[in-house]
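Encoded as structure tokens, the structure appears first; notes follow it.
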Amino acid sequence: MTTVAFLGLGAIGTPMARHLATPDFTLAVWNRTAKKAADFAATHHVRHAATPADAARGASVVVTCFPTSREVAALLDGPDGLIAGMTKGTTLLDCTSGDPATSRQIEARLAEHGIGYLDAPVSGGVAGAEIGTLTVMIGGSEAVMASVMPVLEAFGEKIVHCGPVGSGGALKAVNNALLAVHIWSTAEGMAALAKAGVNPAVALDVINASSGRSNTTQNLFPARVLTRAFPRTFRLALLDKDVGIAAQVMREQKVPSPLIQLTAELFAAAHRELGEEADHVEAVKVVERQAGVEIK
Amino acid sequence: MTTVAFLGLGAIGTPMARHLATPDFTLAVWNRTAKKAADFAATHHVRHAATPADAARGASVVVTCFPTSREVAALLDGPDGLIAGMTKGTTLLDCTSGDPATSRQIEARLAEHGIGYLDAPVSGGVAGAEIGTLTVMIGGSEAVMASVMPVLEAFGEKIVHCGPVGSGGALKAVNNALLAVHIWSTAEGMAALAKAGVNPAVALDVINASSGRSNTTQNLFPARVLTRAFPRTFRLALLDKDVGIAAQVMREQKVPSPLIQLTAELFAAAHRELGEEADHVEAVKVVERQAGVEIK
Amino acid sequence: MTTVAFLGLGAIGTPMARHLATPDFTLAVWNRTAKKAADFAATHHVRHAATPADAARGASVVVTCFPTSREVAALLDGPDGLIAGMTKGTTLLDCTSGDPATSRQIEARLAEHGIGYLDAPVSGGVAGAEIGTLTVMIGGSEAVMASVMPVLEAFGEKIVHCGPVGSGGALKAVNNALLAVHIWSTAEGMAALAKAGVNPAVALDVINASSGRSNTTQNLFPARVLTRAFPRTFRLALLDKDVGIAAQVMREQKVPSPLIQLTAELFAAAHRELGEEADHVEAVKVVERQAGVEIK
Amino acid sequence: MTTVAFLGLGAIGTPMARHLATPDFTLAVWNRTAKKAADFAATHHVRHAATPADAARGASVVVTCFPTSREVAALLDGPDGLIAGMTKGTTLLDCTSGDPATSRQIEARLAEHGIGYLDAPVSGGVAGAEIGTLTVMIGGSEAVMASVMPVLEAFGEKIVHCGPVGSGGALKAVNNALLAVHIWSTAEGMAALAKAGVNPAVALDVINASSGRSNTTQNLFPARVLTRAFPRTFRLALLDKDVGIAAQVMREQKVPSPLIQLTAELFAAAHRELGEEADHVEAVKVVERQAGVEIK
């Protein structure tokens, strides 16, 4: 039976951890806001650890799931840190949508102690986390990945080895950057069509039968923009962070990338304008405000 | 039986015209390069007109299908021009992927003579034209559209009224601008992932199961880029023209549109670099050259 | 003695016209808001014309000075229009900061009547207009330009032949587009330096001794931004219009121009955000709002 | 008498070091390519150090002048490194045009050993270095700056305290980013004017009397572009690096900066296209190639 620690009981982390609160695993949980971890532990009859080090003690796999790599890096050191609790040969499975540069730094720090590291961001949203059908994008050694497969299979359905450490995060960031590009450019185009007298539903219907279609035109605009529902499923602040990571990856890899860099600026400005709680699709509202039209 | 003139026997126009070379229509054809029209007329037993005016004589519907609105506007005047041949109450059905401003000028010119005008660009490519399943995006009066429905149904499957004259062209241009945005931004992202050590096929597989997917990631990159096939199905020069039209529409409609404007510049530069014969997907090669990597 | 008509008594036009209200010229004035022309005529003892045609009657040179080419084009036709009043061999000297495409259309219309046309936008601002030291950028025939030289020299100090009709406006637009690029990019850079703890006055002092200096860093930022004075000397709405003209010229000339096109979008959005009365330098406030800092 | 070590005898470093090879200082030099340092030492009768540690021994001020911060950071550690040779209370005066993030890391490393650090990039070029009239932009403690003033005054004329460590580099990078913005946008505008039939010399003459003027239009274009001389005074590769640093500073400071970010991409692409030896003004040639015109 695998002993696992799970750190980071947020919107995605909590349903992921539930798949490990089964007879197949011995689970300890920790969270920055202790109450969440205490409640989870009480409900699921698992151990509530007092510190990251305490959570890691005895675990062969430590799973982390935080907003950014910065929070993970901050858990490593000190008497209460992960390194103090983890032993040689164990693995940190980092499901944070992290930035590749920090992931590589974490990998190097852990390697000094013989601890393995995988960056393993997930996609599929809260719904996918709840039913255990997440896609997991893994950067790091294939052997290490094989050793933590039971944990991965507990919450993931499509488990993909991407390349060296950092490449999971790079792929997640690029996917999300494309999403951001699609949202903004579709908003530009749809705003102009609306002002030109084209019914937005008709426009989307035609585009979705044609070469310009995307997940954004097929799903997000019909269900969220035209209806003015804008449900809050994924925060704009997080998409802004992800596009920023993608933009940084492009620069590190020396790929001239005018569209993704410009999109990073547009989302940074939209994030500031709309605040921390706005949904990612609400970026459309910035285009609408500048154009003086609602897409509906 | 409807008498129809068809002008412009290019890659799309020729298979469109074939659907009108049936017992249901009396067809005359004209083409700038006369040999094409002569061959078509001989093969399909239809009339080869000597001039646009000659083609239009007796026709209740004149169909035009040219690279740009400029060619259509140039056919109107003079003793051999369309206006000389068309009579009050007939209709010019312009299937060119035109620019809305010129379409509105053509509409106004024809209205002085009591001639109706629809801008009616098509999508679906050569294949759709051959089997008669084109999408037709129509700008203009709904009554006029109803009056030419038998012609539209001969080659179109999805016939959509978009709004006033120019809105068919605006929608077509926006669709193609989104296609252009997707091609370039996907190339940027995929080039960086390739340089970061991620297998492109794996990356596309993950993106296509996630929120960043588009027709471009689902179809164009797997079949045309990773294979290095780059088949020539739609010229980059034409996509450049379409993005330019979309960019102009955005400006006319006063919609700040940094992404689509920037994309117009990128495709203009790629068009100059790759020449007149390159396929639209070959724009990816410009990103690859700048990044120093092939996406394969 | 040259007989001159002056149409358009705005902020620049009024002081320009004053230089023609001298014994060297016989002057008639006309303005859309008649009161302004009546007051000017009374003060300067010149003729107040009832219509453009009336103003033009007898004049060998008609000077126009309006916000955009659209207003000039709208004055040409009808019984009260300029063409009705002007005679063969006279010249329309258009000091509007116009767009080259419309200027070429006006030239063609007037040529049908044997009337000459020069596009002749000015720079130097209200101050330069008052003391008669404007720079005049002239597009059109050099012979026509020579024929109106006495009028040009009345208000202009630097009178430059640029090229064919439209090239005066093109040069004015490009100059103003560079100004716009400088304002926005300096705002970006100065906002970041301010947030990084660099005193803006120190930063400008260093830049102005170095390679990044411009009229914007040497004059506009020290006098208008750091002081928070933002005097209203040239409306943002007009600079937005000029950058838009430059962007259109770039496209007509097939020059890929990502920076000027993007700047056109930024100023269009700033114009919408700040309204019709804002000064052009207040565009800096949009950058400051997005950055969360004041440059002072 | 101040004992000084100078490391980095490149195009700028060599003439800077000469101002320290005087009776006022006891100088040791070191260079990655040892021959340069040996020659310098022989010519100027100063000590040629075998290693960075050896150079630093006994020095109260160590001056570094390298292409990037990376080279400086790489000199710190190991038995031959600067830290091994420097003593508590001495100062590293880093005249590299560095990146602020690395400068802050170097500062922190040195602080552990009681060694002071200033980032102190210079402007004024080779000519300014030779006659000792450089501008020096200093980030770090004012007290430390005061302690190294004799060294600064040996080669600098305008010595400016900018703010905390990193702010010297930030200001230098922003200045150079503005230069890059000006070069590219002027090239765009001038290419369009040339194609529109405006003589480039006339255009520059007008712009330089108007609001769009900059060091680029006043000096670089007349002397280097119109003449087609393109002298190699400052490598495009270095300007690309500096714009990249500025772009990174903008992101760190959370300043949405579409123009500077886009300029970073344009210069990265131009650098790849034109290679390592091209001068920074040769970026104009990329715009010319895309536009199909020479500005002359």
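For clarity, chains are labelled A, B, C and D in written order, and residue numbers in each chain start from 1.
Methods note: a contact is a pair of C-beta atoms (placed from the backbone, for glycine too) under 8 Å apart; a residue touches a chain by one contact, two chains touch by 3 or more.
Predicted model only: the values in this text are computed from it and were never measured.
Enquirer: Which of the two pairs, A-C or C-D, is linked by more C-beta contacts?
Expert: C-D
Enquirer: Taking only the C-alpha atoms, how many degrees of rotation bring chain B onto chain C, rounded to the nearest 5?
Expert: So the angle, rounded to a multiple of 5, is 180 degrees.
Enquirer: Among all other chains, pick the one whose mean CA position is farthest from the mean CA position of chain C.
Expert: A
Enquirer: Please state whether the interface between chain A and chain D is built from the same residues or different ones, using more than half shared residue numbers as the mark of same.
Expert: Shared-number fraction above one half, so same.
Enquirer: Please report how many Å separate the Cα centroid of chain C from that of chain D, as a whole number.
Expert: 39
Enquirer: Compute the distance, rounded to whole Å, between the mean C-alpha positions of chain A and chain C.
Expert: Roughly 51 Å separates the two chain centres.
Enquirer: Can you pull out the residues of chain B that are in contact with at least two other chains?
Expert: In chain B, 254, 256-258, 262, 266, 268-269, 272, 290, 292 touch at least two other chains.
Enquirer: If you look only at chain C, which of its residues touch chain D in the complex?
Expert: 100, 123-124, 135, 137, 158, 160-164, 166-167, 170-171, 174-179, 181-182, 184-186, 188-193, 195-199, 202-203, 205-207, 209-217, 246, 249-250, 253-260, 262-263, 266, 287, 290-293
Enquirer: If we count contacts the way the header does, which residues on chain A are in touch with chain C in the complex?
Expert: Residue positions touching the partner: 258, 262, 268-269, 272-273, 290, 292.
Enquirer: Name, in rising order, each residue of chain B that touches chain C in their complex.
Expert: Residue positions touching the partner: 244, 247-248, 251, 254, 256-258, 261-262, 264-266, 268-269, 272.
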